[in-house]
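Going by the order they are written in, the chains are A, B and C; count residues from 1 in each one.
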Amino acid sequence: MAGNVIEFRHISKSYDETQVLKQIDFEIEAGKFYTLLGPSGCGKTTILRMIAGFLQPTAGDILFEGQRVNDLPANRRQVNTVFQDYALFPHLNVAQNVAFGLEIKKVAKGQIAQKVEEALRLVQLSGYGNREISELSGGQKQRVAIARAIANEPKVLLLDEPLSALDHKLRKEMQSELRSLQRRLGITFIFVTHDQEEALAMSDQIFVMNAGKILQSGTPVDIYDEPINHFVADFIGESNIIPGKMKADYVVSFDGHEFDCVDAGMKQNEPVEVVIRPEDLDITAANTGQVNVTVDTQLFRGVDYQITAHDVNDNEWKINSIHKTTVGQLVGLAFDPEDIHVMRYGEDEATFDARLERYE
Amino acid sequence: MKSKTAYLTPYFLWIALFVIAPMALILYQSFFSITGHFTFGNYEQYLSSGVYLKMTVNSIWYAFIITVLALLVSYPTAYLINHLKNKQLWLLLIILPTWINLLLKTYAFIGLFSQNGSINDFLRFVGLGSHQILFTDASFIFVATYIEIPFMILPIFNALDELNPSLVNASRDLGASAWQTFRRVIFPLTMPGVKAGVQAVFIPSLSLFMITRLIGGNRVITLGTAIEEHFLVTQNWGMGSTIGVILILAMFVVMFLTRDRKNKGGQIR
Amino acid sequence: MKRDHPIRWSNLYLLLVFIVLYLPIIYLIIYSFNAGDTMDRITGFSWRHYLTLFADTRMISIVLNTVIIAVLSALLATIIGTFGALGIDQLKKRSLQNGILSLNNVLMVSPDVIIGASFLIFFTFLGVKLGFGSVLLSHIAFSVPIVVLMVLPKIKDMSQTMIDAAYDLGATKWQTLTRVILPAITPGIFAGYFMAFTYSLDDFAVTFFVTGNGFSTLSVEIYSRARQGIDLEVNALSTLMFLVSLLLVGGYYLLNRYNEKKKIHRAKASQEVDDA
């Protein structure tokens, strides 16, 4: 397993009575951009702090390049962190902040200056070395925090919701910058966020977490198109989730009708949930689509209209459409078999992956 | 774990030697007579002789007057300074006199108040004739109040300074007059500052002894004067300690009365 | 226009307060140049009392004693108090922290006479000879809690992630302390030292109890001289002390203003770079 830089084996963490991590297992390959995604309190930051060395697991092993590092203190691990509040040292200027880790390692003076310059150049802050931290804007502090971490040339860079304090525009900018920085440096990034859009935009691999467990891991496209369960479908993007029944392989029934789909490997008449993304629904004239719905609300969002509607069974539908409609109007909804994704209740990730493997 | 105790060693040693030991010793000493025998006599004497009780009541009364006067002068001063343009500079000017040694300021008043001093010159000039000012109760109260005023202004100023100005605007916006705003919003919110000021003034006023000697001319005897007298003049440490214990009790009462009631939840500040 | 009135009254009130606050000090200063020997009547201008002061070796040695005690006691109290505050912050249990802080504050709220009297009993009990040593120990003792109270909020304000960041970047515990924690709380440490220094300079009551016969500080000396009546040499001394205080305060204020201006200026400059 030469490609794995970090491995978690059966990691649990408890504080007194409460278990914050339950039997976590995962492998992190070198050179990729990973995102731990989940709502606050799901345990994602706990995992990050364990990798950094600020927390020890209650049970299980943390492996760094194949070596068990459970008891290695933070200051001796080859990982660096970009903290949520940046945690820049206010008594040092920009260059001194970036040089901190190198000075601790007793790198030669000339080399330090060169590495600091290089790190600042990478985050587009060349020439800011003599600035005081208090003189920087939020975005600049962010960049200094990144420069300080990468100056140490860590094997893994940990980012703890680093963009959460920035405004929308700056956040978008930093997302693409971080992504290209990771590609250029070629080191592993582990990024923690609760923002699904951010996760989808930046990552090679996403771990979706909830309540101390990793629910699903995969590429952004996999997770978006084939969420494992209700929580993931709901948390990642917008979705219509309707209860249904699996009639046979590739046939599912919901809303009183049977539809063709692309899912298989389930029991006959197994109760399931069906996911259809709002942007996959097309609005047609009444009775010409697969379902008829009555429009309840309509919001213009610039690129499209966000429409909510209900069908005769009182299921609520969200539709994103570039065409305008009228509130109170009866319209048809059209979708293709590929737009339907069927989820089983309580299926774990291993079974889910195995099932998909069989028929894809 | 080891470094944690190493950090604290000198500090804990300080607490043990200079906080706990002296307080314990003063309590211990209060049970000994002037001849060195264990006795409850000091407390008996304190409670039965009218002299000590009267002195205690007097001392509390004076401290009360000094505190009230200081508060009456300080609150408007702090309030007005808080509205000035360079308020930090003005505050600094209030604090500046506290940097002058207490004894020097007291000493100045000896000159000002003396029979031929400037105050009497002024009184004669306006035709009021000269008066005995030095060595009166009034002069003692005046000088003590003078000394304590900056210590009252400072916490009140800080409380006013921390007050969010939009609260005042909100109150005015809701129809309160300037006076109503003061009474219902500003004063209640600066109460912690007033309490801190009262604490900072009342307790020291109970125990001032050099001002009673230099300005009060031994006419005013406070608890502080009595303690000094017993320790350094009559060498009756037992009785001095007994009065000390009384003073400590008085201190706890004041602290209890001026405690911050909102801070029950065990917060540090 | 109507608003002008109350403001003028309030200015008058403030003026009065300031006059009363500074009257004794100005009075002392004026009479320090009196050719005569009393604070009753100015008989002419003279440097006489300053010359007496500079020739008074006893007074000068007492001033030196006072300064030495202040510098040393503030230094030692700052060291003990800073490490004490760091230690208190490390304690996990909130109740234990609060308990220690209560003990810490005992000397802050105790009246001077109580501190003086109890220290006198303490030193006598241990057989410590009264003099320089007992005065120094007492001054350290009553300065420690001030330092703790000045430093502890700075420690509490310090973000935990900053310390994590230091470890994360490879610093050991010691390096984190010396390179991150101590610099971050330096303003608190300086403020603590400064307060301890002024407390020591200003103290009369505690020193009066524990000083014994041979050793004297300025406050005690002025007290004994004042009990004997007016001595304009004391006026000369107070004038000099006032000037020193004024210089210190003025310098401190200007330095603060300068730093703040510089900060604002540079912050503006970087803002402009951002916008460009």
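What we mean here is this: contacts are C-beta pairs under 8 Å (C-beta built on N, C-alpha and C of every residue); 3 or more make two chains touch, one makes a residue touch a chain.
Everything quoted here is computed from the prediction, not taken from an experiment.
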Farthest chain (mean CA position) relative to chain C: A
Distance-to-centre winner among chains (Cα means, whole assembly as reference): C
Separation of mean Cα positions, chain C and chain B [Å, integer]: 18
Euclidean distance of C-alpha centroids - chain A vs chain B, Å: 61
Interchain centroid distance [CA atoms averaged], chain A/chain C, Å: 55
Contact footprint of chain C on chain A as seen in their complex: 52-54, 73-76, 79-81, 83-85, 87-92, 100-101, 104-105, 131-132, 134-137, 139-140, 148-149, 152
Interfacial residue positions of chain C with respect to chain A in the complex: 159, 161-162, 164-172, 175, 179-180, 183-184, 186, 263, 266-267, 269-271, 274
Chain B - residues contacting chain C, complex: 3-4, 7-8, 10-11, 14-15, 17-23, 25-26, 29, 73, 76-77, 80-81, 84, 88-89, 92-112, 114, 116-118, 146, 149-150, 199, 203-204, 206-207, 209-210, 213-214, 223-224, 227-228, 231-232, 237, 240-241, 244, 247-248, 251, 255, 266, 268-269
Chain C residues within the chain B interface of the complex: 10-11, 13-14, 17-18, 20-25, 27-28, 31, 38-41, 79-81, 83-84, 86-88, 90, 94-95, 97-98, 100-101, 103-104, 106-107, 109-115, 117-122, 125, 137, 140-141, 144, 148, 152-153, 156, 173, 198, 201-202, 204-205, 208-209, 218-219, 222-223, 226-227, 230, 234, 237-238, 241-242, 245-246, 248-249, 253
